[in-house]
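Here is the structure we will look at.
Naming follows writing order (A, B, C and D), and every chain is counted from residue 1.
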Amino acid sequence: MPLEFEQPILELEARIRELRDYAEAGGVDLSDEIGLLEQKLERLQRETFANLTRWQRVQLARAPGRPTTLDVVERVFDDFIELHGDRAFADDPAIVAGLARFRGRSVVVVGHQKGKTTKENIHRNFGMPHPEGYRKAMRMMDMADRFGFPLISLIDTPGAYPGVSAEERGQAWVIAQSIQRMGRLRVPALAIILGEGGSGGALAIGVGNRVLIMENAWYSVISPESCAAILWRDAAQAEQAAEALRLTAHDLKELGVVDRVVPEPGGGAHRNPEGAMDALAEALAKELAELEPLSPEELLADRYRRFREMGAVEIV
Amino acid sequence: MPLEFEQPILELEARIRELRDYAEAGGVDLSDEIGLLEQKLERLQRETFANLTRWQRVQLARAPGRPTTLDVVERVFDDFIELHGDRAFADDPAIVAGLARFRGRSVVVVGHQKGKTTKENIHRNFGMPHPEGYRKAMRMMDMADRFGFPLISLIDTPGAYPGVSAEERGQAWVIAQSIQRMGRLRVPALAIILGEGGSGGALAIGVGNRVLIMENAWYSVISPESCAAILWRDAAQAEQAAEALRLTAHDLKELGVVDRVVPEPGGGAHRNPEGAMDALAEALAKELAELEPLSPEELLADRYRRFREMGAVEIV
Amino acid sequence: MALDRLFRRRRTRGGGRDVPELWLKCPSCEAQIYKKDLEADLMVCPECGHHFRLGVEERVRQLADEGSFEPTTGAVRPTDPLRFTDTEPYTERLARYQQETGRPDAIYGGTCTVGGVPTLLLAMDYAFAGGSMGSVVGEEIARGAELAAEEGRALVIVAASGGARMQEAALSLMQMAKTTMALDRLWEKRLPYVSILTDPTTGGVTASFAALADVILAEPGALIGFAGPRVIKQTIRQDLPEGFQRSEFLLRHGMLDRVVERRELRATLAHVLRLLHPEGGASDAARV
Amino acid sequence: MALDRLFRRRRTRGGGRDVPELWLKCPSCEAQIYKKDLEADLMVCPECGHHFRLGVEERVRQLADEGSFEPTTGAVRPTDPLRFTDTEPYTERLARYQQETGRPDAIYGGTCTVGGVPTLLLAMDYAFAGGSMGSVVGEEIARGAELAAEEGRALVIVAASGGARMQEAALSLMQMAKTTMALDRLWEKRLPYVSILTDPTTGGVTASFAALADVILAEPGALIGFAGPRVIKQTIRQDLPEGFQRSEFLLRHGMLDRVVERRELRATLAHVLRLLHPEGGASDAARV
């Protein structure tokens, strides 16, 4: 189902397609008309996307068809092999992890995983990890340190799962531990917010030396819906909450929370996932090249400095 | 309930007590007779304990009244404070852990815990840990390394719990991890087999720079009963299996598996727990004094050497 | 402080009477308790043992050795980086809480000794915006950890928080990483860190520095968790199990070292710190 | 090898007939399978996929790059340190297994390459005393880890074992610590260690080196655990859950990285080793 603000674009596209089919079938030359419509389409798309509200970005970040972690490991990396399990309780399908090559070098990859169908989403718990998922992530961080491989984390979660079983098995504890473990990595750590960056469940694998974000992704301490439910006492005020939270890629760049915004192709990553992922690959390669010359001690100090400076306070 | 081979000793003790009561009540002087009987008692006890079979030692190791980990932390250590939990799933009452002082220095203590009553034994699962217990033990090893405190482990378990839940949560994995974690300690590690040293469940906290054993404790790859059930296809052959397994303190000293046998008072530790624990304290103090001058690297190398040499092979 | 607010609320409901309220109703057993008795009992219900929420200054008084406390917090003040407004501008909310509590934000603490051990003691103020963690709380905790490391002090943090401060959005979230990473300054110096979880400790505070202490203590009956009970109930559409997310539940599930009654808290804390801190001295037994 | 023994048993039961047995019955689906077909399928039932136990030499053939294997085991021989006798003296048992397998003890392996990666490959021999770990198995594994570290090789161990060898009592138990600690030699050199769990892997082998690999693979349907199912059944006095302690169960419970069919095993192993080993070369994709 297309998003509301995409409708005019999609309709125009459909009209162009029809026209082209008609021209082809009838052997008529409609290239001028089609050309004009295509210009109009391009303008419409540019204008729509130049003026997206924050809430519309949130919808884009959730749009079906956006690249997921498994899409990225398929296209951006070579030789991916998924590794399973937390060695303690279970394998959590809401987090995918493994080894791969990125432009020749071995890397460790870990990321949230949403499903593409309802069935898969139920299996993946809509990308909301249990403690086991974060424990698997920590095992991958150990692996990265053990072999000196960079860690690349892909963030796309509404949040850590807020359920009884997750609480029983220490959801808060494991998120804290994962933040700490990632902060202690002696190898380059790159985090990318692919789609949704929901709170502590996102940050748990977000303690990178560099934090990148896709242009239409969001990252916040709370989802707009939950924020609205608490502060406005009305979840329907999500649009307003999204504005207030300043949760878009450009907001976060301004706030210093992310280091780089990865541009998405016109129409958003869900309309052209390959294009989005290729842009991501370029950005990753650049950032990684900057980090690789650093010693483990420099990487630790760099990461400390990065997060130590976060926040806005006044000293009197 | 006294052990069978203790009966003659206990009967003689009772007779002496009766005689003494009678003498006191009637104002009669029976000191010669009592003196003779006391000599006889001393001889009987010495002879009985000099000729204990291995199976009888196993029974002593299990005798109610023997010092448990909680008894030892109470008498041998000062300022003990129990710490709980594995930070992942549960607190396992079959393993007790905490901080304490030993002759002025801070130490980390971890040990199996059996109950003294049926109710307590059910609570303690008869000293058979689940994976959570070993995870708590590993947390204590982290704590010892973090603060540079010696780790002292007290072993007294029939074995790790062989149940469905324990298997589901990775009993084998956690034992292996605990062995590895203890092997990597950068602080002095002392292990003492207090009573029963049942297999991997014992070794999981047994990777000390020095391994001590109480005189009437046992330590083996399998309990005599289980060994008999497998090799003789008859658990009743436990006595024979105990002989074959050479599982007593003196056997293990001969095999090089333990470094020091801590003598128990006449009649065994369960008849005089304080005496046994005071002997243990002396032995601990001596061993610790030898280890404390060693650097972390020397301690690691020492522990590696100790276990690397274990085994009996022929090279052709 | 939580109590002051409770009083205010009750007075308002009662119609603005002028009579000072000398009696309090225990929210757990509903007993009427004479206020002075409650204070003498460290704000623990003498009938049922319910632990009332404690003001931060009272908390410090109860934990620090007498006369040893010197505040270090207060110089760090909140700003409004997002120019956040919900039903009320963030700046106005802040001003109100600042006036009510006399503090710039939801944290208070300083240097002291506990059982003779040099300590940096911080307490989160639930009365200030539900003890929520924004940039100031994060900064004060990071500074606290760094100062403790520099001066060779133990770090003790009394947590009481509804979670991250929404009005600072992603910047609040980043405080989880900042505080967590600052703790490593203590690790490097082998200085202990003890966390005391009080009612309530949830969200981003539990999921960062509060869960990472060497020793984690909690007051009885405190609500402790990641997600709040309401959110969980919405998620699972079932009633929550009895005692769920309370201290005793967490102890059973392996997340806490000990649940400690308030009257024992200072002694237990001193006990732990003396064992862990290099200046903890010889055995307590030896002292006597 | 397990299969040879199976044959012998069947022949004996059949009354010592001379006819070679060309057909085998699958213990899982009970299909009659032509022996040559089974061998061609790497001893995997073509009907149901059941993985028959594999001899160690065949195992090495299936995993090592062709022509690369040089045995390193065999010089370490068992003794009888406890002069152990149950229903039969340990020395006689040993002699019988040695004669049957042509090996001194329950392990076989050597240097090779796997997908071009220099490797030290060890396989436990279930046909030798149930693959039990005594001093020899422990020593060969420790030597293997040390040699791999010295020569810059990956370590791969194919586990198949009923557990520790009772006839060496406490000395067997010590092999769990010895093998575990020897693995750290690889850690220091950043060399990978991959464990392959096959049917069955239980007891002290699972609870030491087998569970500690960087990557843990398992064949489908293998029995893997600490305690044996019989012991557990006795303990809990209930039937065990369906699929309990099988590879797929362990994967779900987070203990394994992957369950890999035998026909994929060499490729998967090579894939992992190439990613983890410093001499793993460039991307597979780049090679093509």
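Just so it is clear, a residue touches a chain if its C-beta (ideal position, glycine included) is under 8 Å from a C-beta of that chain, and two chains touch if they have at least 3 such contacts.
As the structure is a prediction and not an experimental result, all values here were calculated from the model.
**Q** By the contact definition above, name the pair with the higher C-beta contact count: A-C or A-D.
**A** If we tally the contacting C-beta pairs, A-C comes out ahead.
**Q** Please identify the chain with the largest separation between its CA centroid and the CA centroid of chain A.
**A** Most remote chain from chain A, centroid-wise, comes out as B.
**Q** Based only on mean CA positions, could you tell me how far chain A sits from chain B in angstrom?
**A** Chain centroid spacing, chain A to chain B, equals 54 Å.
**Q** Could you put a whole-Å number on the gap between the CA centroids of chain A and chain C?
**A** 34
**Q** How many Å are there between the centre of chain A and the centre of chain D, using C-alpha atoms for each centre?
**A** About 42 Å separates the centre of chain A from that of chain D.
**Q** Which residues of chain B are in contact with two or more other chains?
**A** Answer for chain B, listing residues that touch two or more other chains: 87-89, 135, 169-170, 173, 177.
**Q** Return the residues of chain C touching two or more other chains; collapse runs of consecutive numbers into ranges.
**A** Only 211, 253-255 qualify.
**Q** Indicate which of the five shapes (line, ring, star, complete, other) describes how the chains touch one another.
**A** Basically it's none of the tidy shapes, so other.
**Q** Where do chains touch, given as pairs?
**A** A-B, A-C, A-D, B-C, B-D
**Q** Residues of chain B touching chain A in their complex?
**A** Those residues of chain B that touch chain A are 87-89, 131, 135, 169-170, 173-174, 177.
**Q** List the residues on chain A that touch chain C in their complex, please.
**A** Residues in contact with chain C: 160-164, 166-173, 175-177, 179-180, 183-184, 199-200, 203, 206-207, 219-222, 226-227, 230-232, 241, 244-247, 251-252, 255, 257, 303-304, 307-308, 310-316.
**Q** Okay, in this complex, where on chain C does chain A touch?
**A** Against chain A, chain C makes touches at 75-79, 81-82, 84-87, 134-136, 138-139, 142, 164-166, 168-178, 180-184, 202-204, 206-212, 224-227, 231-232, 235-236, 238, 240-241, 244-245, 253-255.
**Q** For a test of understanding, state which residues of chain A touch chain D in their complex under the given definition.
**A** Residues 78-79, 81-92, 99-101, 104, 106, 132, 135-136, 143, 146-148.
**Q** Considering the complex alone, what residue numbers of chain C touch chain B?
**A** 187, 190, 192, 211, 214-215, 251-258, 268, 271-272, 274-276, 280, 282-286
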